[in-house]
Amino acid sequence: MRKEIPLAIMLVTGVFMAVQFFVPHEIPSLIYTNLNKTVQVVGAVALVLGIVSILSIHLAKIGKKQPGFGYSYFLIVFFVLMASSGFLPKSLNLGSFLGHGGNEEGSFFLNMYNYVLNPVQSTMFALLAFFIASAAYRAFRARSIIATLLLLTAIIVMLGRVPIGPAIFGDWIAELADWIMAVPNAGAKRAIIVGVGMGILSLSLKMVLGIERAWLGGGR
Amino acid sequence: MGFFEKMRQIDRRWIFLAVGVAIILPFFFYIGLPIKVTPEVKVLYDSVERLKPGDVVFFAPEYDPGTIPELQPMCHAFLRQCFSKGIKIVAVCLFQLGPAQAEQDLTLIAKEYNQKYGVDYVYLGYKPYPETVILNMGEDFRKSFPKDYYGNLVDTLPMMRNLKNYSDTKMIISINATSGADYWIRSAHGRYNIPLGLGVTAVMATDYYTYLQSGQLFALVGGMKGAAEMEQLVGLEGKKYNRATARMDIQNFAHLVIIFFVILGNVAYFATWGKK
Amino acid sequence: MRKLFLAALLSTFFLISFSFVSAQTPPAPVTNLTAKDTPSDKGAQVDLSWTASPDEQRAENPVIGYQLLVALSSDSPFVAVGKADAGASGATAKDGLKNDQSYYFKVRAYAADSSFSESEVAGPATPTGQWWNTQPNYIWIFVGMVMLVGFILYNIRKAGKEELYIRPIAGINAIDEGIGRATEMGKPILYICGLGDAAQAATIAAFSVLGRVAQKVAQYQSRLIVPCYDPIVFSICQDVVKGAYLNAGRPEAYNEKDVFFVTQDQFPYMAAVNGIMLREKPATNFYIGQFYAESLMLAETGFQAGSIQIAGTDQLIQMSFFIVACDFTLIGEEMYAASAYLSKEPEQIGSIKGQDWGKVVFASLSLLGVVSALLEHKIGFFEMLKKVLLAE
Amino acid sequence: MPEISLVTAVWTTLAAFLSLCIFSFLYKDNPFYKIAEHIVVGVSNGYWVILLFRDTFKPLWLDPAWSLVSGKGLSAELTIFVLVSLVFSVFMLLRLIGGKAALLSRWSMAAILGISAGVLIPLSVQTYMYEQLKGNVLSFGAFPLPFFSVAGQAAFNNLLIIIGSLSGLAYFFFSKEHKGYFGATAQVGIWFLMIGFGATFGYTVMARLSLLIGRIEFMKEWLQIFF
C-alpha cells in the first residue's frame, strides 16, 4: 500500500485535471480552483519543512563546532529577526532597526527587504556581467563549424544590439542581427519548443499512469 | 611561454577587471547615439494611444530589483503614457520578488500625474502559484484577490465595481523578468484570449519572438534598448525620463571590450594551434 | 408686466430647446437581433448578435454605442446587462444572468447626444453551462492530445516485444562517466533540481533523472549533495534519493543532511550554492530542471571549482549559457528523454518512440500546410523561389 | 543629492557593504562573502515565512478556517476546501515525525504532482504544439498579406523558419540513426540550433551589463551620501 495509494491519487487528480481543460461547465472549474488553492496552502505549509531543514543543519554545525560554524550564527540571527518581525503587533514599533513587519514605508520588514535582500539579489545578478565576459572568452573559439556559427552569430548580434555597431559598420549589422533573431533563431526555437512539448506530454502521461515513479523511490 | 600561450590561460580576474573599468569609465563621458524604434515596440505605443480615457488596462509589472536597469524605465514609460491619457490600470504582481517593487513604481508615477488610488488605478498585489492565479482571475479577480495589496476589500474600490475579469479590460501588459511570462501567454491569452503585450529583459526577448510571430503576443519590448525606444516614443525631455537612453552609452563601450576579448582569445588560439 | 416677461422668456426657452431636439432624430435601431446561449461556456451568459444601426455611419449625431437590456418576460421592465461599442455586431450579456432561466433581450442604440432607439425583443434564451468545449481549437487540441497519447501508449505496450533503437546522446553517456569520476577522485557530486516548483514539467523531469543518478551514486558509493530551492521539491528529493539508496541495497549510506533546503529566493540560493561549490569542490555537477539567470553563474563557478558539468533545461535562454559554459548540455527534449535513456526499461524507451511519431505528424502537418497554402495562392514553389531571387 | 535621514544613511551603508561583500567573490571566496551569504539566506527565509503566512496561508486558509471554528458559518465549498487542505497539510508535516507516518506525506505530494502533470497534458499540446503548428502553417496560409506582396522577403523568411523548425526537430528524433539524408537534415538542424544559441547569448550580454550598470549607479549614489 505504500505506493498504491499515492499512485491512485495521482491517477485520479491527473486525469481529472487533463479532462477539465475541455469542460467549460462550472462544477469542474470549481473543483479545479479549489484544488489549486489547496496546492497553494500545502506549498505554504511545506515551508516549515524547509525551515526545519536549514536551521537544523546550521544548529548542528554550531553544536559540533564544525569549520565555519561562526557564519551559521549570522544565518540564524537574521532569520529570527526577519521572521519574528512579521508576527509582532504593529503597535509595538521599536524603531527602524527593529520592529513589526508591516508593508508601510520605514517598517523593519520593508527596510530589510530594501537594504539587505534587494541589494544582495541585485549584486549577485550583476556578477553575471563579469561571468558572461569570462564565459565568452573561454568558450568562443572557432574550433569547428558548429563552434564558429555560435561565435559569429553571438558577435553579430552583440554588435547589432548596441548603437555603436551600426555607427561603425552601418545599419546592415543591426538589420542582420534582427533578422537572425527573427528568422533562423525563431526556427530553432520552434524546433526546441515542439520537442519540449512532446517531452512534457510524455513525461506527464507517464507520471499520471504511474509508469514513471522515480519520485516514489523508483522501482516497480 | 610565449605571449599567446599566456593569453590562452589568462586568469579570468583580468577579464573581470577590464569589464569593471569599461562600465565605470563611461559614467564620465556622454556620446548619445540615436536609437531606432522597432515595430514591435511601436505597436504597443500605438495601441495605448488608440485607447479612450477611462479604458482599463491590466498591468502586471513582475520584476525584481535585479532587473531594474532594464525593466523599470520600461514600466515607468508605459505608466506615464497611460496616466497622461487617463487610462486606468489594474495591477498585480505574481512574481514573489516583485510586489514591493511594483507598488513603488505605481505609486511613484501615479503621484507624478495626480492619479487617485482606487479610482484611477488599483494594485491587487501578490499571490503564489502564478498560473493558478492567472486562471482564476480569468473567472473573477476576486477569486484570487478578495482584498487588494493594502488590505482593502476589492469591492469597496470604485474602479473595481465594473471590473469582473480580463474581459472587462482592453489588454494585458506584463513587464516580466521571469518565466511567469509563459503563464500569461499560456493561461491568460491562451485560455481567455485577451490581447497580450510583453516587456521583458533583453535575454528573454529572444524566446518571445516566436510568440510574436504566432500571434500570441501583439507587442514585445525587449531590454534596455526597448525601454529606450519607449522613452523616445513617450518623448519627455530630461535625464530623469530617459534613464534607459542614457544607459545605452555605457553598453556600447562594454560590448566592445567583450568582443575584443573574444577576438584576442581566437587570435591566441590560432597562434598557438598545434603547439599543445 | 413681470409675469408677462417671464412667460415670454419661458416660451422662448422651450421653443429653442424644442427646435434643438427636433433637429436631431434618434438613430435607427439595430435589426435582426437574435439571442442564444453562449456555446462552450460555464453558463450564465447569452450571446446576442444583430445588424448594426445604419446610423453608425451618418455624419451628424452618429450611433456611438449599444446597451444590452434583459427582462424575464417580453413585457416586463428591461434592465441593462452590458454594453458594446459602435461597430459591434454582437456582444455577450452576462451581468447577473442565472443558469436555466429564460430571458428576453433588447438592444438600445445610442447616438452622440444620448438619444436612443430600441430594437425588437429577442428571445427567449436560456443560459446553461456546457459539459464539453466545442470550439474548433479545443476540438483540435483534444484530437491532437488523444492522438499523441495514443502514440505513446501504443509504443509503450509494444515495447516489450522488440528491441528498439535509440540514438546515443552525448550528455546522457556523460552522466555515468561523471559519477565514475567522482568515485575515483573521492569527491562528492552536486545535483541541482533547478529553481522551479513541483508543478513545473522540468522539475518533474529533474526528479526522475535524480532517481537514476542517486541509484548509481549509491552503487558506486560516492556522496551526493542536493541543495533544494522549493520546500515541496525538497521533500520529494529526499524521498527520491532515499528510495534510490534503498533500491541499490545501501539504505545505511543515505545521509539525510545531504539533501537539504536552502531558501526559495533565486540569488540568496545562488549565494549559498556558490559557496558549496567552492568549499566542497564537487567532481561532477548536475543542473537539471528549470533555470533562470543563475544558469551562467552555476556554470562559471562550477568551472572555477574544476567540476565536470552536465546541464539540462527546457528554458530556451538558459540553454545557450549551458551550451557555452558546461561540458555537456541536454537540450530541451533530451532532458525529458534522459530518465528513459538511463532507465533502459523497454516501456520508457517505447514512450520515446511514441514522441518521435508525434514529431513526424507535426512535420507532415507543417508541410501539408505549406503546400496547401501554395496551392491556394495558385503559385508553384519554383515561381515563388524566382520571386524571392528576383526580389519582386 | 537630496537630504537623507541618518537612519536611511545607515541602512544604505549596510546595503553598500553587503554589495561589496558580494563583489569580493569575483576575487575569491572570502569571509566577507561568507558573512553576506549567510545573512541573506537567513533574511530571505524570514521574508518567505512572512510572505507565505500573510499572503497565502492566512487569507486562503486561516481566515475561512477561523470562521468555521468560531461558528460564523462557511459555505459548503469553502468548508470542504478548508478540511481537504488541512488533511494534506498535516500529512506533509508528518515528515517532521518521520517513520511510517511520514509516508502519508506522499499522498500530498502525489496530489500535487498529479495536478501538475494532469494540467500539463492538454496544455503541452496547446502551447507547445498546436500554437507552433499554427505559426508554421498560418504564416503561409491565413497571413493577412498575400505572400508575394511583401517583396518576396517574407515568403523566404517563413520558409526558412519552417526549414529551421523541421530540421531542428529531426535533430530531436531519437529512434532513428542520424545517417544519410536524415543525418544531413539533423546536421542542418544543429546549425540552426547553434545560430539560435549564439544569437541568444549575444542578445543577453546587454541585459547582464545592464544589471551591473544598475549596481554601479547604486554604489555611486551611496558614495554621494558622504561627499
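Chains: A, B, C and D, in written order; residue numbering restarts at 1 for each.
As a working rule, contacts are C-beta pairs under 8 Å (C-beta built on N, C-alpha and C of every residue); 3 or more make two chains touch, one makes a residue touch a chain.
It should be emphasised that the depicted structure is a prediction, and the values quoted were computed from it without experimental measurement.
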Subunit C and subunit A - chains in contact with each: B, D
Chain closest to the middle, measuring from C-alpha centroids that were averaged per chain: D
Higher-contact pair (C-beta pairs counted), A-B versus C-D: C-D
Subunit B-subunit D separation of Cα centroids, rounded to whole Å: 15
Geometric centre distance via CA averages, subunit D-subunit C, whole Å: 13
Mean-CA-position distance for subunit D and subunit A (Å): 4
Residue list for subunit C, restricted to those that touch at least two other chains: 141-142, 145, 148-149, 197, 199, 201, 204, 232, 235-236, 239, 262-268, 271, 279, 293, 296, 316-317, 319, 321, 323-324, 331-333, 337, 352, 355, 358-359, 362
For subunit D, residues contacting two or more additional chains: 22, 25-26, 34, 36-37, 40-41, 43-45, 47-48, 52, 56, 92, 95, 106, 109, 112-113, 115-117, 119-127, 129, 132, 135-136, 138, 161-162, 165-166, 169, 172, 193, 196-201, 203-206, 208-209, 211-212, 214
In subunit A, residues with contacts to at least two other chains: 18, 22, 29, 36-37, 39-40, 42-44, 46-51, 54, 68, 113-114, 117-122, 124-132, 134, 136, 138, 140, 150-151, 154-155, 158, 161-162, 181-182, 185-186, 189-190, 192-196, 198, 200-201, 203-205, 207, 215-216
Contact footprint of subunit A on subunit D as seen in their complex: 7, 11-12, 14-16, 18-19, 22-23, 25-26, 34-50, 52-54, 56-57, 60-61, 77, 80-81, 84-85, 88-89, 92-93, 95-96, 103, 106-125, 127-129, 132, 135-136, 157, 160-169, 171-172, 189-206, 208-209, 211-212, 214-215, 218
Subunit B partner contacts - residues on subunit C that touch it in the complex: 197, 199, 264-267, 290, 292-293, 304, 315-317
Sites on subunit A touched by subunit B in the complex: 29, 32-33, 36-37, 39-40, 43-44, 103, 110, 113-114, 118-119, 121-122, 124-126, 129-130, 132-134, 136-138, 140-143, 151, 154-155, 158-159, 161-165, 167, 174, 178, 181-182, 185-186, 189-190, 193
Footprint of subunit D on subunit C - complex, ascending: 137, 140-142, 144-145, 148-149, 164-167, 169, 198-201, 204, 232, 235-236, 238-239, 262-265, 267-269, 271-272, 274-275, 278-279, 296, 316-317, 319-321, 323-324, 331-334, 337, 352-353, 355-356, 358-359, 362-363, 365-367, 369-370, 372-374, 376-377, 379, 384, 387-392
Contacting residues of subunit A [partner subunit C, same complex]: 18, 22-27, 29, 39, 42-43, 46-51, 53-54, 57, 60, 68, 117, 120-121, 124-125, 127-128, 131-132, 134-136, 138-140, 150, 189, 192-196, 198-207, 211-212, 214-219
